[in-house]
Amino acid sequence: MITLTHYLILSGILFSLGIIGVLRRKNLLMLFFSTEILLNAVNVGFVAVSKYYGDLSGQFFALFIISIAASEVAVGLGLLVLWYKRSGTIDLDSLQMMKG
Amino acid sequence: MEKYLYVALFAPLAGALFSLLFTAQKKNVITALVTSGLLLISFVSSLTLMFAVHDGLTLHVKMMGWISAGNLSLPYGFIVDNVSVVMMVTVTLVSAVVNIYSMGYMMHDKSYNRFFTYISMFVFSMLILVMSDNFVGLFIGWEGVGLCSYLLIGFWYEKESASWAGNEAFIMNRVADLGMLMGLFLIYWQFGTFSYDEIFAHVGSVNTGIVTTIGLLLFVGAMGKSAQFPFHTWLADAMEGPTPVSALIHAATMVTAGVYLVIRASDLFSLVPEVGHIIATLGAFVAVFAASMALVHRDLKKIIAYSTLSQLGYMFVAAGLGAYWIALFHLMTHAFFKSLLFLGAGNIMHAMDDELDIKKMGGLFKVMPYTAILMAIASVALCGVYPFAGFFSKDAILASAFNGGNFYIWFTLFIGAGMTAFYSFRLIMLVFFGDKVYKKLGFHPHETYPFVLWALLPLGILSTIAGFFEHPFEEFVTKVLDKYEFSMAHSTEIGLIFLTSAFVIIVIVATIYKYAKGGFSKQLETMPLYLLLKNQYYIPKIYEEVIFKPYYALSKFAWKQIDVRIIDFTVDLIAKTLYKTGQESRKMQSGNLSDMLRWMVVGIVVLLALAIFYRPMM
Amino acid sequence: MEHILSLIVFFPLIAMFFGFVISKDSVKTFGIAVALVEFIFSIILWIGFDAGNAGFQFVEYAPLISQFGVNYYLGVDGISLFLVVLSTLMTLVSLISLNIKKDIKNLVLAILFLEMTLVGVFLSLDMILFYIFWELSLIPMLYIIGAWGSGQRIYAAIKFFLYTFAGSALMLVGILYLGYQYYLATGTWSFSIPDWHLLVLPFHTQLWLFGAFFVDFAVKVPMFPFHTWLPYAHGQAPTVGSVLLAAVMLKMGTYAFIRFSLPFFPDASVYFLYPIAVIAIIMVIYAAMVAYAQEDMKQVIAYSSISHMGIIILGTFAMNAEGITGSIFLMLSHGIVSGALFMLVGVIYDRRHTKMIDEFGGLATVMPRYATIFGILMMAAVGLPLTIGFVGEFLSLLGFYAVNPYMAFLAGTGIILGAVYMLVLYKRAFFGKLVKQENKDLKDLDKREFTALIPLVALVIILGVYPKPVLTTIDMSVKKMINLMERKALLPETKELLVRVNKVGGTK
Amino acid sequence: MFEAIAFYTFSILVIGMFGVVVFSKNALYAMSALAGGMIFISGFFFLLNADFLGVVQIIVYTGAVMALYAFGMMFFDSAKDVKENIKYKKIIYTLSVLSAIFTIFILMAPIYSVKIEAIYPTMENIGNIQMIGLILFTKYLVPFELAAIMLLVAMIAGIVLVKVKMEETPTNIEVARGEK
């Protein structure tokens, strides 16, 4: 029998995969991919909780998360393209203007 | 009669304020005349009061409120009774004489006006001291005379040693005053008042232990003011001041304030004879201790200063043994002859251009006969030769020591009397007779102004005849003070008097003989005992090494090490740590996004950990 | 007379705003005029003050945040009355003595603002209002030290500000918690001091709150070992800054002890009596020693302030009317005396641009008037009877003697050590031969300096000779407060101590 | 039984796919793997009876988002291997694992300690999509509209950002690069 715990563990594994990606990736595009993984990991968790507790709220959250992910991609990719045109690279280390 | 009291009290203040206006100006004889006049007025008022008191009057006035807080209500109150009026007369008389004398002595000083301000201020403080009807009033005068003494010792402030001596006097007095202050506090919390009458009315009902403590603490104050061991060093150094000051303050009046305090609080001290015994023992010790230092000193004024100390010891013996009227009597006679002695010394100093070494004088009798005669009178009075004043008062003290069965005290005093005779006549012989050493050194001594000598005359007369007033005096003051009963046989008393007188006269004759022959050999001066005495038992040196220097070093240490190195450093360390933390953590803000991401995740982990593991107490 | 307290508090502020449009040349005159009017107001307050009424008078009340019981609430009693007068007097005197030319306008306005905050602190009867004034007073002082100081002025100013500010933060927490406690106890919010006086707190709460308040007050006083900001602040501050700092600002701390710590937390105050007394004794002796070792005249007086504050603290914690009245009187006397002494150091600094004692010597010859005034004030500082310094010191020590004679004795050594450093300073600076060429033609006090100093010297003598009217007024309110403490006391030990130290006579 | 098999299969697939995304050096591989992973995720949604969400997942992610990525990748040199210098690998893995464990712990804690009551219980007789429609247009209407506006804004932003700079000629870009 697959229980909620299984789903949550899966969600956790996916989340940590996402975090690994976020942390180790220097390529901005790949970084975006990793954030998608993070969002999806959370979505799985929400939906699973929703199912096992018979409450639809989790699904709505997942829904809104998806829409946020979509907007994020739209804006983020736009900025990325812009940056690439400026500097010719999408390496994270090239973004050092905030150095204090 | 009240107006006489106020006149006596405030005339000196008026004089001080008047001459204060002139302090910044050039020498002005008016200040001296006005202050002298006002002091004479004060003297006359005091005398009037004395006659009134003799007729049975006791004046007790409350002028106005002063301090009131909590249960304490303290007015300015003054009392004129048999004891205080004696002091008033003595103080105003001596101070008037000294003031007139100073007109000649200070003639050429550039701070002429300032001097008379201080003298009048001193007399005012001294009168407050003796006239107050409560302990705090006494303390006002007590500190006031201390201040004036400080100012007058350091009168020639350009001299380093003078201002140093002033500081020493003030600070040492403060040390003793602390003891007195503690005594006052204890009195307050026991009796709820500072007024003599109320305290002495209830003192009998208080625990003896507390009365003993009060007595001891008050006596500590008295020790400071009267320069008893171990506070005695300031008095010798106080001779840096002008000589009239030494005569007035450091011989006749202020230093006897300690004795006066014991006499004033006699109702309290007579309850605790143990304290009295301590006082008497210390007095006897100081009598010999100080006299021994006077034996070898070459400084004219310091010899007289040590003599003063020694005589104060005598007074304390009498006061400690309960013979209060004798103490007061000796205080009075001593005031006359000692101030005379000092003022005579002032004449000599003037003649010798402020030279103080008695070995450089000699044969001055030819040049200044009147001064010599006056000083000789004072010296025999001091030694206690019949019929001079000292004979009566000093013999009474010796008799009271013998009478109380304190033979060791009596014997000490007996030895002290011999020493007194020796150093007095050593001084007289070295200064007025013998070889004229001063001629070789190029001094041109001369007799002083006639009016100065006239001013000294009353003191000379009083030093001679005051002794004959012994019985009227006793009768007068024992109306307030306890009577002192001699229990020994009359024949013993006479015998004692003869014994002492004979001893003193033998010593005098021997001294005169020895010095007429050329004095002691030089070899004596290398003896250890001589050196010990000459260096004042090394006590000033010990104070210097054990107290002054370590205190300064400790202060420096407290500032440089504790304050700057430890406390301030710790405070700064906290600030610096915060600042450094900021400086270091600024590096986190590298601008590198992946670093920031990492920090973000660290933050998340920490917050999650907090959310899981932190359990609020409630 | 109805709104006189508001007038006294806000008159300097309003005048300050007008001051912005006054021209630079006349602004000092303007400042003196304002301070004079303000001083007259405070005198009117004193005259109008009913000496037979121990409670708060001239009370003004207007709700500010009524849900939380924060109100505009002013009032004056015997404890605060003379501190108000002292503040206005010292402001006036320091403005008269002012002779800085640089940015004079800003300086005068800062002083007026400072006056408002000082008076506000003493008159506030609402804790939040009090706190606002308390904190606001730091700003002008920070500015005065930082902008017109000498040497390491920025360091000193920031140290002063951060140190005192850090302390206040803790007090704010204490205030809020106490307010909450009041709410729990009564169900209504109130930050008014008279309300809090009636609040009885459990013993353990008292301990914590006492600690929170204590740190702030201890920094302000300043108590050992929180004192190190003071020498820096005094050393670098301009004369006017030192005068106001020593004369009035330090008194805020001791005033707060009397106004808050004792009546709010009677049990805790008694509980902490001995530790605090030990600190106070250390202050007295240690600061006197450090003062003796100083080479800078101003630092001597700065450390002497610490020493005197120690005696004030002792008087305060004597817990009897003698001691507390004495400590309040000592605040006044120390305010006047140390203010005047700082002014005197400023006088010599103006002439020679140095404060090092070794640079002087023999000044009495060239500046006799200066030396005389310095001498009188020095004697007041060492507590000579018939000067203002004696009364407070005597009463404070007298009061504490009832608590513990031995400690009173130790603190009493302060009168010896005080004489040591003061007399040595005087000797080194004024006595001896005039050696330095630069000192040979120093000018004696001029008219402006005389005008500033003579009133203070007069007060030193007058209040020394006849302090009674001031003392009785203070005493009444103090007795009321002690009564309150006795009624509020929870522990039997506290009651026992309060009874013991307030009783005269009997054998102990 | 079927559920378990499906769960494990999908889990392995998803983890594998996402692992490729995270660790691959080639952007093209990574993107393809991501698209695959998304589809497998939707499998979970179907398993969990969230049909609507599963469909949305496929449409939005695989259809729209992936298309956008693919489009965006055309701007970059995607064929080449991505060069990254990664520091402090141990820290990265520790942090990731820690955060994952904590997250799970946090999520589990209320499940085991308190019984959570459903606010909008699923009803057997009404289908998932119907149900979602009901709640979405009542309770979550405002967030829904806001999400719509957000999407619109994002779309416009994306267009504007890219479009304005499109006018720049490649030479300009070269110049800009040369200056760098």
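A, B, C and D label the chains in the order they appear, each numbered from 1.
Convention: a residue touches a chain if its C-beta (ideal position, glycine included) is under 8 Å from a C-beta of that chain, and two chains touch if they have at least 3 such contacts.
Here the structure is a predicted model, which means the values were calculated and not measured.
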item	value
Separation of chain D from chain C in steps, with touching chains one step apart	2
Chain pair with the higher count of C-beta pairs in contact (A-B, B-C)	B-C
Most distant chain from chain C by Cα centroid	D
Centroid distance [mean C-alpha coordinates] between chain C and chain A, Å	63
Distance from chain C to chain B - Cα centre to Cα centre, in angstrom	36
CA centroid of chain A to CA centroid of chain B, Å	94
For chain A paired with chain D, centre-to-centre distance based on mean C-alpha positions, whole Å	5
Junction residues of chain B, two or more chains touched	598, 601
Set of chain D residues in contact with two or more other chains	92, 95-96, 99, 103
Junction residues of chain A - those touching two or more other chains	19, 23, 26
Interchain contacts, given as pairs of chains that touch	A-B, A-D, B-C, B-D
Residue numbers on chain D that touch chain A, as the complex places them	3-4, 7, 11, 14-15, 18-19, 21-22, 27, 30-31, 34, 37-38, 41, 44-45, 48-50, 52-53, 56-57, 60-61, 64-65, 68-69, 71-73, 75-76, 82, 84-86, 89, 92-93, 95-97, 99-101, 103-104, 107-108, 111, 116, 118-122, 131-132, 135-136, 140, 143, 147, 150-151, 153-155, 157-162, 165, 168, 173, 176-177, 180
Partner chain D, residues of chain A touching it in the complex	1-2, 4-21, 23-27, 29-30, 32-34, 36-37, 40, 43-45, 47-51, 53-57, 59-60, 62-64, 66-75, 77-82, 84-88, 90-91
Chain D - residues contacting chain B, complex	88, 91-92, 95-96, 98-99, 102-103, 105-106, 109
Touching residues on chain C, where the partner in the complex is chain B	159, 162-163, 225, 227-229, 286, 289-290, 292-294, 320-323, 325-326, 329, 362, 364-365, 368-369, 372, 379, 382, 384-386, 390-391, 394-395, 397-399, 401-402, 405, 408-409, 412-413, 415-416, 419-420, 423-424, 427, 430-434, 465-468, 471-472, 474-475, 478-479, 502, 504-508
Of chain B, residues touching chain D in the complex	598, 601-602, 604-605, 608-609, 611-612
